[in-house]
Each structure stands twice: as structure tokens, then as C-alpha cells.
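Each of the next two complexes has subunit A plus one more chain, namely subunit B in the first and subunit C in the second.
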Partner chain A sequence: MVENYNDVKTVNTFEIKERSYFSILWGRFKKNKMAVISLYFIIFLIVVAIVGPLVSPYHYTMMDYTALYQTPNAKHWMGTDDGGRDLATLIIYGLRNALIVGFGAGLVEVFIGILIGAIAGYLGGQVDNILMRFVDIMFALPSFLLNLVLVVVLGRSLFTILLAIGLTSWAGMARLVRGQVLTVKQLEYIEAAKALGASNLTIILRYVIPNSVGPIAVALSFNIPGAMMMESGLSLIGLGVMPPMPSWGGLIAQGSRWMLSYPHMVLFPAGAFALTILAFTFVGDGLRDAFDPKQSD
Partner chain B sequence: MAQNILQVENVKKYFKVGKKDLKAVDGVSFTLEKHKSLGIVGESGSGKSTLARLILGLIPPTEGDVYLLGKSIFKASKNEVKQLRREIQMVFQNPYLSLFPHMTIGSNIEEPLRLHNIGTKKTRKSVILNLMEQVGVPPQYYNSFPHELSGGQQQRVAIARALALKPQLIVFDEPVSSLDVSIQAQILNLLLELKRKTDLSYILIAHDLAVVEYVSDLIAVMYLGVFVEFASTEELLNEPLHPYTQTLLKSVPVIGGEIRDITISGEIPSPINPPSGCPFHPRCPYKKEICEMEKPILKELKQQHYVACHLY
Partner chain C sequence: MLKYVVKRIGFIIIALFFVSLITFILIKSAPGNYVETERLLSQNVTDVTVPPEVKAAWEKAYHLDKPAWQQFLIFIANAARFEFGPSFQYPSTTIEKIIMRTFPISFRLAVMAIGLALIIGIPLGIIAAFKKDTIVDRIAILLSMIGTSLPNYVMAVFLIYILALELHLVPSIGWGEPKHYVLPVLSLAIGPIGSITRYMRASLVETLNREYIRVAWAKGGGFREVVLKHALRNSLIPLITVVGPQLAYLTVGTVFVENLFNIPGLGKFYATAAIYRDYPMVMGTTVFFATIVMLTNFIVDIIYGILDPRIRKRSMMEG
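Here is the complex of A and B:
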């Protein structure tokens, strides 16, 4: 460390590299190769989900009775299903739905989780007690069952499904955020912030949440595939998105019926699903490495 | 009254520990004039840090009041408190823990300006760079993060952050006790320099008399939540009256000096179970009968020299 700065000042003509917290995180994230590959893969999936439906010559409602159960070929890259629909197109639409449900439910979950967790953790006392008992109740109820009820009540659309999944899965996030807030709030820099004249709301938003963002992001990257699984689970038992809109769960359910004679019908959607979930998990690992405060660059 | 920047009136702070009260601060009163520096010395557990937080208004007192520039920080409205916050700042013991870890050095120093809506982004930057120069942090650290700096540099940044609002009073809570001795001197010199160049008043809290005597006009010796002696630095060093102060002074080792045999034995008693009468009597070499019965009050023995002891 340079203590005598008079010399330094003349040498260094004050070039300030713009460095953000984000660039430091990225530096650490980059070290995890699988996480980086997975991140690119997820970006690729998002691009495919947006562009795919536009460029595909097929539509998920287009049935071709002259091309049933086809194995992969030049016209149908992943073959066709029992209705002669192009499997690749179905998977792309399924991917789009899975991503919408995954990110949408994640967003709902993070929003409710941070709201409840931060209020409970920061205010403490009776408020904390009441909110956390509510969280305990949410935990105790089987979320799949709760999802079924909500989907039945709210109706079966993509939006209601992601809402239902988000509404039933925020309890863990709330607990996590509360724990983080409890840890951060007793740190000395929160007291310093008070001494500087920051209000409670400012303290939560500017100092507590940013310093809790690591565990939240990590949890989220594991919960997004969780939401996708939940949606597939609903589709599997016929309560997911309304057919003929394809969903991965539905495709797997349908394909598994022909598993022995036409294995491609289950292998492609199941494979795509597995890879996607794996990618999110690897990104979660990378994020955890990046946010780990013990690691220094 | 107008000259008094800070007036502390019989503040007490009791913490509930089970059914008992932990009397962290048990009735402290003093006033601080403008442009003076006060050192508060005491062992760990004497309530120094609690007193600092009371002065800052960070925790409510059990009893008593603190007036900053004539206004009670605990009775003021929310807006008034925010205004008062601009006049009084604090520097904490551990700079690494008290700086915002997710913000750069520049942002850390900018934070008080932003919170009080002072200046624009551009004008703030020059203010920040000026402050950094004032406390001796090289400008290329502007975009560094707190964990990339040494402890001494971190504490300089913390001081710059406290100076940003141009407060009239800064409370330093053991600002050097987590630093190397060589760095300690640099930080203390910085304090002296700030006091000489600006009209800053400060309160310096330390457990080491040597740290305090160097940079304070006045010294208060604290023991178990009360001031036992309060005088100008010169007075106190030349003519310590309270036995605790005397032993504190004698316990500073001197190289080549004779080995002294008068030291205090034992440790500071628990503030949950304070001794009856004078809090110092179990360790006092001059203990009298009255010391066990009655708590001595702080009285002005000489001009501006206060002592709480039954010997006088």
C-alpha cells in the first residue's frame, strides 16, 4: 500500500478505470468454465425461443397425416409425433413456455420473498413473528397440491400457471432474505449509514438488499428450473398449459407412450429439458462462486 | 450556551439482561465547547462506545438527554434529526466493517452527500477528490473497493466520509485500536491536522491514555459507566487526582524507567453487578469505609477539574 501519495500522483495521471461491482463478479464467474458455457447455452435457448417460432416452417397446430412418427430427417430435424407435428417446433414452443414460466415464477417469487423477508428481518419483533409463522404455513402445505388448487381456481393459462407457481414457492426465498437481512443489519456499516442520516427504507434498499443479492441470485438460479419442473409436472397430469399449446411436460408424457417403438419422441423433449435444467444449475454454481465473499480477486 | 457544541445531560443507558439491568452508561454529564477536542479513556466494558452511540443519537437513552447545538437529538422531529446529522458524524473502530463493502471508495465518500442531496454528480466528484487529498488517500483509489485497501487507508476513507458533510463534531470510536502502531500515529496526526486547518471539534474514544493525550484538549476518564475524572489534558497528566487515573498513568511503561509496583489488580467489575458505593472501590489502593457505602459524585475540585472520589 502506498502511504506517501505525493509521488504517486505525479506518476499516475489519474486514469480512473471504470470498475463496477458487476465487473468484479464477472471476473470471478468467468473462472467457472461450466458456468460460462451454461450461461451462453441459456442465452442461446432464449434466442431460440424468440427466433425459433418466427423462422420455423411449421406451427405447433400443423398436423401432417402423411408424416406420422417420423424419425429425424432433413424435413423434420427431430422427427414428428403421433399427429405428424414437427417435434423440433413443438420443443421450441415448449422451451418458450418453460422459460416464460421459469423466469416469470422466479420474478414473482423473488418479489414476494424479498418483500416479506426484508420486512420481517428488518423490523423484527411481532411483525417478524407473524410473517414467519405465515411462511411456516406456506412451507407446510404441499406446494404441488396448492398449485393444483390455484390453477383450477385461476384457470389454465400460461400467466396463471406462472403466477400459481410463484405464489406457492416464495416461502424459501422469504426465509433466505430474512436471514440475510438479520445478518447484514447488525453489521457496523448499517450503523454507519444511520449515523450518516439514512432512513430505514434507504438502509434496506441501498445497503441491505445489495449485500444480500448474492444468495438471492444463487437461490433464484436454482428455483427457475424448479418452476419449470413444476410446470412440467402440472402438464404431465394434464393441468399445464392448454393443448394444443405444447409444453415439455406434455411432450414427455405423450412421448413416453411410444417410448419403445419411437424413442425419439421422448428422448428429444426429455433431453432438452434435462440440458436446460442442468445449465441453470451450473449457472447457479458459478454465481455462488462469484458472490462468495471469501474469494478475492 | 451558544459556544457549546455538545451538551450531555445526565445520560443513562441500561440494557436489559434477563431481569437485571446492565448499566452501560450510568449518568454522564459534560459540555464541549466549539473547536475543542475531548478524549474519553476507559477500559473495555466501561461504556465508552455506548456513550458514543448515545451522543450520536443512534440508540435512545434510558434517561437524560443530549443537546447538539442546543437541540435535543432525541426530541427533535425527523427532519430536524436529519439536519442535526449533518453536524455530527462518527468514525468507527473497524474501518473495514463500517465502509460499505459493495461500493467503491468514491461512492463510499459520496454516500453522505447523496443522502443529504448535496451537489450534483459532477460537483460531488471534485468534493470527493478534495476530501481524499485532505485525508491522504491517493486519487487512483477512487474506484477501488474497501477490501483492496490497507487498514490505515480504509480508516482514512472512513474519516473522509465523516468529513464529507462538513460536520462541526466528529466522534471517533477507537479509530486506531485496530491499526498498526506506525499507522496509528499517522491517523492521529491527521486528526491534529484537521483540527488545526478546520474548525472541527471532536471526541476521541480510546482505551489507551497515550493515544488520547496526544490529540485532546480535554480528557475524561470513564469507569463503569461514569466519568471519574474530567480535566484539561495538561491538568490531568500533571496532577491526576482520582486513584484510577493515577494508576492508569503509572501503568504506561516507560523504556529505561524504573519498574513500578503500583498497578491495579483485577479487572473491571461487571456492569450487571456493579459494586456498591464507588464503582472503583474493590480495586482502589486508598479505599475508605465510605467508598463502599456511597457513590461519589463528580465535583469541581479546581477550576475545570472534576473528580468523583471520596478522598477529596
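Here is the complex of A and C:
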């Protein structure tokens, strides 16, 4: 009798062993092989961006006129450019800048998006109306246009570019957060929280935003590479970070001028850029599947 | 329908007003002064003081002597008639003339890219749908994913390398002959090819499972009868919602490709104007691009509504 009872108990604890939300997500995410590989690749990139500048024997301002246009060799792993600068070092600094802009602009965008979306969705009425018409306008306009104007006005440092990209790309996030707020607002436990006397701010911060983490993370994982592409695009047309600070777009523009004779000068930055963007996209796909298994095809 | 059209046009006008206002305020708060920068750059002098008469005459020519709100109203009134006046960089011509000369180049690139994308993307999507879950399908999905993820200027670099440098099929630089269109158009088309393929595949896979398609097969219809006549017809109409925004995006997206290939389109002029802080040109072109993008999206929605009565009902175009 006692033995039986113990058996049942063990079986039960085994079955109801609670899995955290995170481990469920990770379990679903792991199913997407490309996403997992890409995630490790991104972690590798972040490590390279931090460690690379510390261990590289070169600096992005170091010119060497005895070593112009070198193809990859033992001293310069990716060769050198038209100023004899070490291409690998330039690409590592470009990577660092791309990551700073990507994640930084993502933060700005999430902050503004949550602020506008939560206020509009939660307060509703006339406030919602006005804010959403503004979002409509921001949405109807290609963000590149305002971005370009903002960069011209604010200047061309890494921080202002990051800010400009963040300031022009939050419209989608605001819409998403507003939608989430409208859904969550109707749930019963929000009514309960209200009845208990929770303030608007508490409800938004404690209940609404945690409920929107999934969709926000997914949107963000697609917007980070978007911000990187915008940064590179601005550099490509001569409006990115001020030289000699390297940016992948600038390296591509510079390398493409020498492409006929020294294709390595453009292929390395373009290849690194392409791989990074693809890695973020694959992780985004994996996250979308993990947060919403129904939606994936 | 009429009510919907009026409402949409109203929104576009209000949106354009706000875009002009935001751009104007931003530009007014920008540092620098074109006369001084120009002098600094062209004459390599450190003393940038300009004779007061010259400065006054210059400010008068660009209405800069008037208060800001008057300048804005003048801009709005002129912009409504498609007049932007002279730019800082090109004082002898007007901005609208530059737009009229250079925009057709950008627009042609965008339209050719979309055309090519349709020609390649639709059959590719159909093949992927029929070969669902085979290696062909996997490759098509992977390619369309790469195409939609990577920016067109990165595509351009790889295309130049493969088609011009390795295979010597097309020239990598130059402008003016038809062959010079090949690389820019291809680089612009790859993104839309990706989205069209992906859309066509998803749409056909869904349609092919419908009962009326199975009935059509059962009745002995061949590929031409079933797929071309029944299945495709239902997939092609919503395709316009995929293609429309792509076209709108591309008219601005050519900026990067034009700069990479040195094509004298509006995008190239726009970027140059921004680098040289040619504010009237930046302002005029921004508003012009915004107008084009919004009009394209508007026209697409109208066409979609005309083609598909269900959408017309849902989006309150009627009633």
C-alpha cells in the first residue's frame, strides 16, 4: 500500500515537473537548426567586436604606404585597402559600429514604441486617435527620408546616427504594442488589479508590457538588422559616420571603386555584412516560431 | 468608393503637410550656412565672413530674410504647384527641373526591376509550390529569404563580382547604353523576386488544397486548365498588395544602387544634396519622394479594391 502510494507520487512529480517559460521557448527555438547556428554566430560576432579591437596589432587609422592593396596574407588576414590599412581591423571596427547602431537604435525604438503604443492603447479615446494618426503618417513615409534629413541636422557621429534611426523606425513597434495593450486590457485579471487599486502606470508596467515581450522581441530581432542596413546604407551614400571611423557601408563604397583590380577590398566587408544580416534574420525566424508556434508555416 | 477616395486623399494631404513641417523645422534647426560652407570648401579660406551685401542678396533670393513661418508658407504654396525654386548647389536651374530630369531614370529602374521580379518570381513560386517539400522548394525558399533579407547594395556587389568580373557578361561601370541597366536592375529586382516567390508559393499551396481545385482535377482538367485558369487567378489579385509597396519602396531604394553604380538618377542627386547641406534640394526632394510613395500606395489600394469586391467591402470603400 505504502509502496504503491510512493510510486504514484513519484510518477506525478515527474509528470507535473514545471518547465519555466524560458525553457519552453528554448525548446521550441532549438528545433530551428539555422536559428541556433545563427544565434551562436551572433554571440561569436559580439565577442569579436569586443575582443577584436583589443588584440588586433593594427588600428583603423594606421596607414602603411609600404603595404597598399595587399591580398590576404599572414600579416594581413584579409589584406589591406588603398591606404594600406588592415582590412580585418576595419571590418572588426565596422562590425562593432554596426552592432552598436543596431542594438542602440533597437533600444530607442522599443522605448518610443512602448511609450506611444501603451499610452494610446491604454488611454484610448481622443489621445489614441491623435497618436495613431501620427503613427499612420510615420508609417506611410519611408523612414529613409526622415533619417537622411535627421542625420544632416544632427550630425554624423555614431550616437546621432543611432538616434536618428531609432527616432524614425518606432511606428511599427507602437502599433504592435497598442494592439497588445488593447488585447490585454480586456482580460479579467486587469479588472482585478484595477479593483485592487493599481494605478495606470503599475498596470502598464507590471501586466501589459510583460505580456507583450514575445511580439516585441520578435519585431526587434528583425529591426536590429534593419537598423544595421540603414546605417550601412547611409555610409554607402556618404552620410554615415565620419571617416576615418569605418562602417561596413563605407567600406563597401570604398572597396567597390577598386573592385576591378582588387575585389577582396569589397568582397570581405560585403560578405561579413551579408552573413551578419542573415544570422539576425534566421534568429528572428526562430524567435517567431518559438513565441508563436501556430503562426509558423 | 468616392468617400473612401476623398478620405484617403485628405490623409495624404495632411500627411504631406506634416512631413513638410517636420522637415522644415529640422532643417531650420540644422547648423551651418551654405554660403559660408561653400566659401570654406571652394576657396580654402579660414575667414568665412562674406560681404554683407552678398549675404543679403543671397538670403533674399532664397526667402531667408523673411520670418520662418512665412518661409514655410511660401514653400507649401509653391510645393503645391510643384515649384521648389533654385537649389543652393544649382542656382541657375530649379529643383523641379532637376527632379523632372532625374526622377524618370530612378523610376525606370524601379519599374524595370519590378517587371523582372514578376517575370522571375511568379514561375519560381509556382514551381516551388508544386515541388513542395522537395529540394527544389527548399532552395527556392532559401534564395527568396536571402533575397528579401539582404539590402540591394550588397546584392549589387556580389552581382558585379560574378557577372562582370568573373563571367565578363556585362560591364560593371558606365551609363547610357541598355547593357548598363542589367546590373542595377538585377540588384534591385532580387528583393522583390524573393517576396513574390514566397507569396506565390504560399498562396498556391493553399489554393491547390481547396475543393474546387480538386474538382477541377477530377473533372480531367489539365495543368493549363486547372492551374492557369482556376488557381492562379485567385493568387494574382492579392499579388498587387505585395508588388505595390515594393514599387513604392524601390523608387526611394534606388538611392543606394544609384550611388554605387554612379547613375545620374534623383537618388544620387538627393544624397549629394544632403552631403553638401543643400537644404532647398533636400526639402524639395524629401517631399517629392514622400508624395510618390504615398500616391503609389494609394493607387495600389484603389486598384486592389476595384479588382476584389470583398476588399472593397471590408476597407469601407463602399458605404
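To be clear about the criterion, the second predicted complex is superposed on the first by the 261 of 297 C-alpha atoms of A that agree within 3 Å, B and C clash if a C-alpha of one lies under 4 Å from a C-alpha of the other, contacts with A are read in each partner's own complex, and residues count from 1 in each chain.
Definition applied: a contact is a pair of C-beta atoms (placed from the backbone, for glycine too) under 8 Å apart; a residue touches a chain by one contact, two chains touch by 3 or more.
This structure is a prediction, so every number in the text was calculated from the model and none was measured.
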Touching partner for A:I130 - first (subunit B), second (subunit C), both, neither: neither
Which of subunit B and subunit C A:L260 touches, first, second, both or neither: second
Touching partner for A:M242 - first (subunit B), second (subunit C), both, neither: neither
First (subunit B), second (subunit C), both or neither touched by A:L141: second
Subunit B versus subunit C as contact partner of A:L187, first or second or both or neither: first
Subunit B versus subunit C as contact partner of A:F273, first or second or both or neither: second
First, second, both or neither for A:I50, with subunit B first and subunit C second: neither
Contacts on subunit A seen with subunit B and repeated with subunit C across the two complexes: none
Footprint of subunit C on subunit A - complex, ascending: 134, 136-137, 140-142, 144-146, 148-153, 155, 225, 229, 232-233, 236-239, 249, 252-253, 255-256, 259-260, 263, 266-267, 270, 273-274, 277-278, 281, 297
Footprint of subunit A on subunit C - complex, ascending: 11, 14-15, 18-19, 22-23, 26-27, 29-31, 145-146, 149-151, 153-154, 157-158, 160-161, 165, 172, 202, 248-249, 252-253, 255-256, 259-260, 270-271, 274-275, 277, 282, 286, 289-290, 293-294, 297
Residues of subunit B that touch subunit A when the two form their complex: 53, 56, 58, 81-82, 85-86, 89-90, 92-94, 97-104, 111-112, 115-116, 136-140, 142-145, 147, 149-150, 152-153, 158, 161, 165, 186
Subunit B contact footprint on subunit A (complex, rising order): 1-3, 5, 8-9, 12, 14-19, 21, 24, 187-189, 191-198, 202, 207, 210-211, 293, 296
